[in-house]
Amino acid sequence: MGNRTVDTHIQIGNVTFHSPIMVASGTFGYGFEYQDVVDVSRLGAVITKSITREPRAGNRPPRIVETAAGMLNSIGLANIGLQRFVEEMLPRYENYPTRIIVNIAGSTPEEYLTVLEALAPYPQIAAFEMNYSCPNVKEGGICFGVDANLSFNLTQALRNITSKPLIIKLTPNITSPVEVALAVQEAGADAVSMINTLVGMAVDIRTWKPRLGNITGGLSGPAIKPIALAQIWQVYQEVSIPIIGMGGISSVNDAIEFFLVGASAVQIGTANFVHPPTAMEITSGLTRYMQEKGLASLQDIIGKLKVEA
Amino acid sequence: MPYYQLTCPIIRKTHLTSGTVSLWFRGPQIAHAARPGQFVMLRVRNEVHPLLRRAFSISRCNPEEEAFEIMVQAAGTGSRIILEHEEGEMLDVLGPLGSSFQEVEGIQTALLVGGGIGIAPLFFLAQTLEVDYHILFGGRSHSQLFALPEFEPQMRFCTEDGSLGQKGLVTDLLQKTLQEVSGKAAVFACGPNQMLAAVAGVAEKTGIPCQVSMEAPMACGVGVCMGCPVPDVKGGYRYVCKDGPVFPAEMIHFKQLVNG
Amino acid sequence: MGNRTVDTHIQIGNVTFHSPIMVASGTFGYGFEYQDVVDVSRLGAVITKSITREPRAGNRPPRIVETAAGMLNSIGLANIGLQRFVEEMLPRYENYPTRIIVNIAGSTPEEYLTVLEALAPYPQIAAFEMNYSCPNVKEGGICFGVDANLSFNLTQALRNITSKPLIIKLTPNITSPVEVALAVQEAGADAVSMINTLVGMAVDIRTWKPRLGNITGGLSGPAIKPIALAQIWQVYQEVSIPIIGMGGISSVNDAIEFFLVGASAVQIGTANFVHPPTAMEITSGLTRYMQEKGLASLQDIIGKLKVEA
Amino acid sequence: MPYYQLTCPIIRKTHLTSGTVSLWFRGPQIAHAARPGQFVMLRVRNEVHPLLRRAFSISRCNPEEEAFEIMVQAAGTGSRIILEHEEGEMLDVLGPLGSSFQEVEGIQTALLVGGGIGIAPLFFLAQTLEVDYHILFGGRSHSQLFALPEFEPQMRFCTEDGSLGQKGLVTDLLQKTLQEVSGKAAVFACGPNQMLAAVAGVAEKTGIPCQVSMEAPMACGVGVCMGCPVPDVKGGYRYVCKDGPVFPAEMIHFKQLVNG
């Protein structure tokens, strides 16, 4: 086996990434905050915090609660907004040592479209990830990503704006993610990413108050890994565009589980907080694993779960 | 300001109270770079639960030894696991993080006001101060309080139950002390939100500058998760881990903070 | 406060339970297996393993995998079937020291009805819990509990068979549990119970095989507690029949969180495996908590979460 | 058969190999009730992760001391945490659980065949046997094997790499030993499924009775979760924790077991 070179590149839409190990939206800021302790050039991509048209202050505190092998957050999409993002971040991305994927969120379909239109022309952005786990204020606050028609229409409109890779980030808070995944595939999405956080809650039994200012929040971390794997496996059976997997990954072994059930790339989220070099270490670990197993390319692992008849 | 992720050995462990320990770590880059008010994020252990790092203020530095100290109070799961570590064991430390106490020009006396384990960063501040200072240390009862020999002459105590020092809240002790000091003074406070709100109130009323070191539940500690907001008087939020933990008291919307 | 007596009884349909702390289906066998180490008379009720019309051997092994602060199971409703249940268990329930709730499962609506019809007359059964997380073979294997109409019709038919308490156990693998909860309430259910396990999966990266013979399984244990609390809170806002809460409860503090978000009773599942006396200890702990807080009755906690305007 | 939940102190800990320890617990009811082949479920620690109890065969009992022994091999997270415990520490034990090896009438020799840590219950069996016996202990290499003084004269070893005893599989050693013994014999085996299948095959071919002690992932250990099936030759499943762990070899559908 030995030191054979292995090919870890991955293609999403018309863009090639040198590594399939990325860092997830909301857990790596705008890509600069961890540079003291993470060599970002070794990551396949950095996905930014969700950007919205206007700056958002976010939800009332507290916003973070630890749970069994996981955490809840109710950040509420706190971000600097489109204008400051364009002015302050885009220039800094010109020499950024790896690919930047901008994650976009909105309260209305128009908001997504406006933000994408504004950002699409910038060459320093490699791709876009659309956070469909946001409440749609036009439809009574129901989440975009639970409605296949809405998801189809929005994706089609977004597709018309850019030829850059369009990744749709599905919501896991759904009876089955397959229908929406198929809808966005049909509408021209280049990939789906999953899973976002699961709706969760915690209560302070001393004060009888919710432990999050927003009452409910999103569950992430190792606790949700089994759910992420099952949803990805389900979607992998049915869709043909690449899946970018995430949910509780904190080691190379976790990442390999995701590849085996059908992920073409993975994102590291909560683990960045716990151990910032996680994604970097998984990148090295993956190469080592492939060398040891004599796997020439990622295609030799992706979806290769052995299921008996 | 750069920060580091280091695996640091515990080089000294002492018990400060029955539920509080002092842990000295060797960690050259952190010991050299740290400024009073900054904190570190410790990984509790290399397992999936408890998951998140815990924040601890740097309570003293010793550059010759390339060492820094934290003071850990047994509160919940994470702090208990950390304080059971012994000399020689290693912990994963991220730091130094956050803002530091700022020098206030032209003051004669610094009043360092600590509530409970909030006392920790004030010792580091005292180490570096070039003006006279008093450390006012308040707690519920004497079992929560302790003194460090090098600062003892400057320390004054108060307890809610009167078991040590003046009986009452640390704001009472602050007001009393303010009457004694002559010349310009400034307040540097760390402790529970309620206490900081009260201290900031006293400072505002008496017109003296006040800096507060705040707490909030944290996930990242480095400004990426947006998990640690405190309300800004101007609207919106400041983030404890990157804009703080030390803020000018007048920047914080204490009313909103304390009510929810 | 001291030793004031507290009232922990709870009413579900026309039956009173002396304690709201019960043990969950599939985690306490038929009620006898733990009697060496658990004084079952102190439990509000024992819910049996799901009973089906025919005996079931269950899914292929392996059936159990540990995950981060949780476990996956793919038991596949292995049970002794209606006939043996009637012959072997019912006589033993005649002197059983607490209330027995029989959990019923099926592959078709008719199967639920047949089992309920057979069991309804026996006085030693206090109530029935209907496991709606089973695949409906007549509808292409889709789970009964994800379809509000189907749930309404089935519940109505079940309601016609018995006046004993009818508890519908909802599935949590759904976009929102509210619609189905409302449907079964309208159809005459006396209570809903939630949450059942979440669909999950784990992969053995040494063999590249799923770690469960059945590929996917159900996630339970502390990891899912935040999700359970959020779903119960959601349902509590909308339905008026009692909710029996479960999902990761392992201490009295956990149980109190469930009461605060709206559960009228709770079930202990996975924690029985970890520490068999858990339910018994929570029963004592709850009384102590109520005494200390000066709470006279459970109504003083149920749904009393303090949420600010 | 009643079982108990006891908090048992470790009264003796010894290292058997570099990765295997013997732990003796004081636990009167368990020590008195246990029969060879039975197991206990240990709680790893009082935390949410690792969650489930782990099963360990009872490897010896000492009724005078009211003590029982388990042998723990470092395999994964749970076993590693358990074997780091020291004398005096307490663990939560549920047991004795499951079925036991059954006496076989009219035999002259018992052949106790253990693969790896599967050897554990066979020592307890040897303690109670009233006929001659040989303990055949196989492993990958010598570093996996160990002897206990009281049984050493009866122990024979084999390793896949030939580093100790006969080179080869334990079934080879079994066949060789079978040729040496005169009179009726019976086999009592414990080890990995592949090995048990092979041993059962040898026993079947030579027409001698064989009992196997099996493993399966377990959640409850007491027959409530239905998590630990092994395929029955007659169709359906038997459950390791309540019908087993010891089964007559002819009851198990080894082909189905080994193929998945």
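Of note:
Just so it is clear, A, B, C and D label the chains in written order, and each chain counts residues from 1 on its own.
Just so we're on the same page, a residue touches a chain if its C-beta (ideal position, glycine included) is under 8 Å from a C-beta of that chain, and two chains touch if they have at least 3 such contacts.
Note that the structure is predicted; figures quoted are calculated from it, not measured.
Contact with subunit A and subunit B alike is made by C, D.
Centroids built from CA atoms put subunit C at 34 Å from subunit A. Centroids of subunit C and subunit D (each the mean of its C-alpha atoms) stand 36 Å apart.
Centroids of subunit B and subunit C (each the mean of its C-alpha atoms) stand 47 Å apart. Those residues of subunit C in touch with two or more other chains are numbered 68-70, 209, 221-222, 308. The multi-chain contact residues of subunit B, meaning those touching 2 or more other chains, are 48-49, 260. If each chain is drawn as a node and touching chains are joined, the picture has every node linked to every other. Residues 47-49 of subunit D are the ones touching subunit B in the complex. Subunit C contributes residues 26-29, 33-34, 36-37, 49, 57-58, 60-66, 68-71, 73, 75, 78-79, 209, 213, 221-222, 250, 270, 272-277 to its touches with subunit D in the complex.
Of all residues in subunit A, those touching subunit D in their complex are 68-69, 308.
Those residues of subunit D that touch subunit C in the shared complex are 2-5, 43, 48-53, 92, 94, 216-231, 235-237, 260.
Within the complex, the subunit A residues that touch subunit C are 67-70, 72, 146, 173-175, 198-203, 205, 207-210, 215-216, 219, 221-227, 229-231, 233, 248, 253, 256-257, 260-261, 304-308.
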